[in-house]
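Each of the two complexes below includes chain A, the first together with chain B, the second together with chain C.
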Partner chain A sequence: MDLIADKISIIQSLWPTMLKGLWMTFQVSMLAILLGSLIGFTLGVAKTLGYFVLEKLINGYLHILRGSPYLVQLYIIYFVLPSTGIAWLSFDSYTAAVVSLSLYTSSYVTEIVASAIVAVPSGQSEAARSVGMTRAQTYRNVVIPQALKLTIPPMASVYVIVIKSTAILSVIGFAELTRAGEIAIMRMPGDIMFIYCMIAAFYFMYCYPVLRFSKWAEGRFGSAGQIEH
Partner chain B sequence: MNEPMIVIDSICKTYHLKTRPEPVRALDNVSNHVDRGEVVVVIGPSGSGKSTLLRSLNALQSVDSGRIVIDGIEVTNKKTDINKLRAEVGMVFQHFNLFQHKTALENIVMPQMIVAKRTREEAEDIANDLLQKVGIPDRANNYPSMLSGGQQQRVAIARSLAMKPKVMLFDEATSALDPETVGGVLELMRDLALGGMTMAVVTHEMGFAREAADRVIFMDEGAIIEENTPANFFDDPQTDRAQNFLRQIL
Partner chain C sequence: MDWLQYYFNFRIVGDYADIFAAGVAQTLWISALCLVLSVIFGTLVALGRMSKNPMIWRPIAAYIQFIRSTPLLIQIYLIYYGLPALLPQGYGNIFDETQTGIIALTVHTSPYMGEIIRAGIQSVNPGQIEGALSVGMTPRQTLLNVTLPQALTNVMPPMLGQTAVLIKDTSLLSIIAVFELMGAGLQMFSETVIATESYVTTAICYLGIYAMMLIISGMLQNKLGGKAWKAN
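This part shows the complex of A and B:
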């Protein structure tokens, strides 16, 4: 029917730009996850070491990042920082996107890693210390490997949050998926509903495999701890 | 070589809990010793401080005051290399505490390679040998979740023995086991004792205390109430508290 042919032609004409937008979304979310996880892992481990000042500092960092909307953080990094006049703080939209999203991601990952480390039974580190392992050896060989398994389910959720948060990047003109869709809407204002559905479908194409993969990873590597007798 | 292997000199440990108005004296001026090759069994009601005492010997538990010396090395001294000391003091836990993400063999090999810096071949030879000695050579490649409690505890004992310790500490090693498997592990512990290992054992197994201990120490409320040879202690307890305790459990 006419309706379907019409929709198919919309999909055909918008497919390239949307795909390019999805590719940008993929790039930024990948980078943010990698950098954010690196930062988050470091801070998560640091938080559990038992140094009062360090823990308070990290908690302060978390409060700031988790207590404000991502949009506001993005504005500060993209608009406010350059106005300070410091050269290297004047980010272009791509850098601002990656930096802000990485920091935002790290706030989630820090908590996830810290919680996972604390969830490893204390008997594990007691046994390791009892055979003469140092704190560092205990962390590296006994605690962290077991903690990492516990992070798999919540990390999948974080990844999906990051992917969806990239939509916010459209407000700084960054050419990711949502922005690509918005530009398409400006060209074809009559099909606004359908195009939004297309945008959602594209996000789904990205998010669904991620969730499936995480379910597999959970099964393969074991998730919420082993059963102790 | 007539210096005791373990010297415990007036140790105190007090807990200040928000839930209780008075501080809890977990260890109240406890002094004792364990000679080389001696097997000392510590018994007492729960909360008596026996686990606290045992765990203070390898510094898993800190003490507020007093001295603990193992083979001439002061455990309580901040300057002591505690990791080096712990490599020579084996500990077996009530809940086994095997490394869940490693096989039985790896559990025994890993500390040897990391702490004793042995090669993998050396470590595996020793590990397989010990798995044989503790009676489960065929379980080498099983993960702890696939092992029964008794098997896990045997692996745990092998893991400690692989470090060639001077002293073995047992913290209620059979309390989490099914009654049928308790006997097997106790037999293992008895063999160790007969082999001349210096052992400090916290247990509720009075049969083991009677048969394997050189000395029995009875604790209550953080203090040593009575100590004697097993025969004398079980047949003729001197103090009221010891008599009450024995009446309840025997």
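This part shows the complex of A and C:
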């Protein structure tokens, strides 16, 4: 009984710090998914327009972001950009976190949006063009509304990837959930395993419903392909 | 080339070339070992997940969900600090950092591989197997000539994608002091304190590995063909 009472008192004393960390994780992951979707949507649509050079450039961007680990990208944005000497590139940890995560997210979103647009049957856009719609109208009123529905399930999976990637932000001292846990461990080094399990439980409670939603939405709306990870 | 040296001092990078080469080698063999282990354990996970016995598939499903819903970094910490306590008394430190890292990455990657393998096994049309058996093939011939080639072709693209993720994930092992490519970059940074050369070189090495992966994937695509590739 003593053991349980002890653990409960640990939870009680760590609760406020952990919630503050969870709030930061929520904040930064929300910002990243919003900005990342914005960039990704633009690039994804641009990729399907059929301009060869544009497509190659976007592919290069995707390869660079998908080919290097997020940890390296974070280090480059946090440590390398300030050494270029350009003042506004010297980000604090919050800006660096948001910028790097948004770029990282955009690489996933671009592929999802592009493949969703391709997945819309070509008869749809041909029909729209044949009744006299311009190309822009076809995209805005016919293709994109149908494509966006297909992006919902993979976007939920991407959101889970973003939430999980925020844990890496702890290495640059960003005060999110994992960092809050590490600070708590400095205070109570004896309970290291319990505190890490507690952090894992927080992440689980955050990510699991999103994953379930993704699964549900896949049956409901169909999907524009799966993403690894 | 003097202007380039102002931005990127390749002479210093040249001094650290052997450290980076060692880092690349370390990253490659750690990923290769983790890949083999996680395909083996992934097959077990897939078979366990497809079992009809709830005593088997429920724990496996919980394991898959836990791994998918928590960050790799936390899993690495849990195994790094928790593994010694789980082992019997006196055997607490038989695994060094690298071995612990390999265990952690295998534990992390197996469920993903398992889900891919499960989808691959389920993707083979049962009519194919029935057809093969009905023309007089033995079950063994059916497995080797009909089921496995199709399952393998279907599974290859997501598995290569997961391998690319695995290679990138090894960079997180640098946080528990495993020497690999990211560790090489960190070592160069701690000795020279020049961020650009240390981290950009690391990124270039990772991109090189990724480019190699793309080439291998293209070669496999030519060799295996099949409709599963067209989706990518």
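The rule is simple: the second predicted complex is superposed on the first by the 209 of 229 C-alpha atoms of A that agree within 3 Å, B and C clash if a C-alpha of one lies under 4 Å from a C-alpha of the other, contacts with A are read in each partner's own complex, and residues count from 1 in each chain.
What we mean here is this: contacts are C-beta pairs under 8 Å (C-beta built on N, C-alpha and C of every residue); 3 or more make two chains touch, one makes a residue touch a chain.
Since we're looking at a predicted model, the values are computed, not measured.
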Scan A:E126 for contacts with chain B and chain C and give back first, second, both or neither. first
Examine A:T134 and indicate which partner it touches, taking first as chain B and second as chain C; both and neither are also allowed. first
Would you check which partner chain A:K164 touches, where first means chain B only, second means chain C only, and both and neither mean what they say? second
First, second, both or neither for A:Q146, with chain B first and chain C second: first
Determine, under the contact definition given at the top, whether A:L54 touches first (chain B), second (chain C), both, or neither. neither
Regarding the shared-chain residue A:I11, is it in contact with chain B (first), chain C (second), both, or neither? neither
Most chain A residues touched (candidates chain B, chain C): C
So which bits of chain A does chain B touch that chain C touches too? 225-226, 228-229
Complex interface listing, chain A residues touching chain C: 63-64, 66-73, 75-76, 79-80, 82-84, 160, 163-168, 170-171, 178, 192-193, 196-197, 199-200, 203-204, 206-208, 211, 225-226, 228-229
Residue numbers of chain B touching chain A in their complex, please. 58, 60, 83-91, 93, 95-101, 110-111, 114-116, 143-145, 147-149, 152, 156, 159-160, 163, 176
Hey, which residues of chain A end up touching chain B in the complex? 121, 123-124, 126-134, 137, 141-142, 145-146, 149, 225-229
Which chain C residues qualify as touching chain A in the complex? 7, 65-66, 68-75, 77-78, 81-82, 85, 112, 158, 161-162, 164-165, 168-169, 171-172, 174-175, 182, 185, 189, 194-196, 199-200, 202-203, 206-207, 209-211, 214, 231
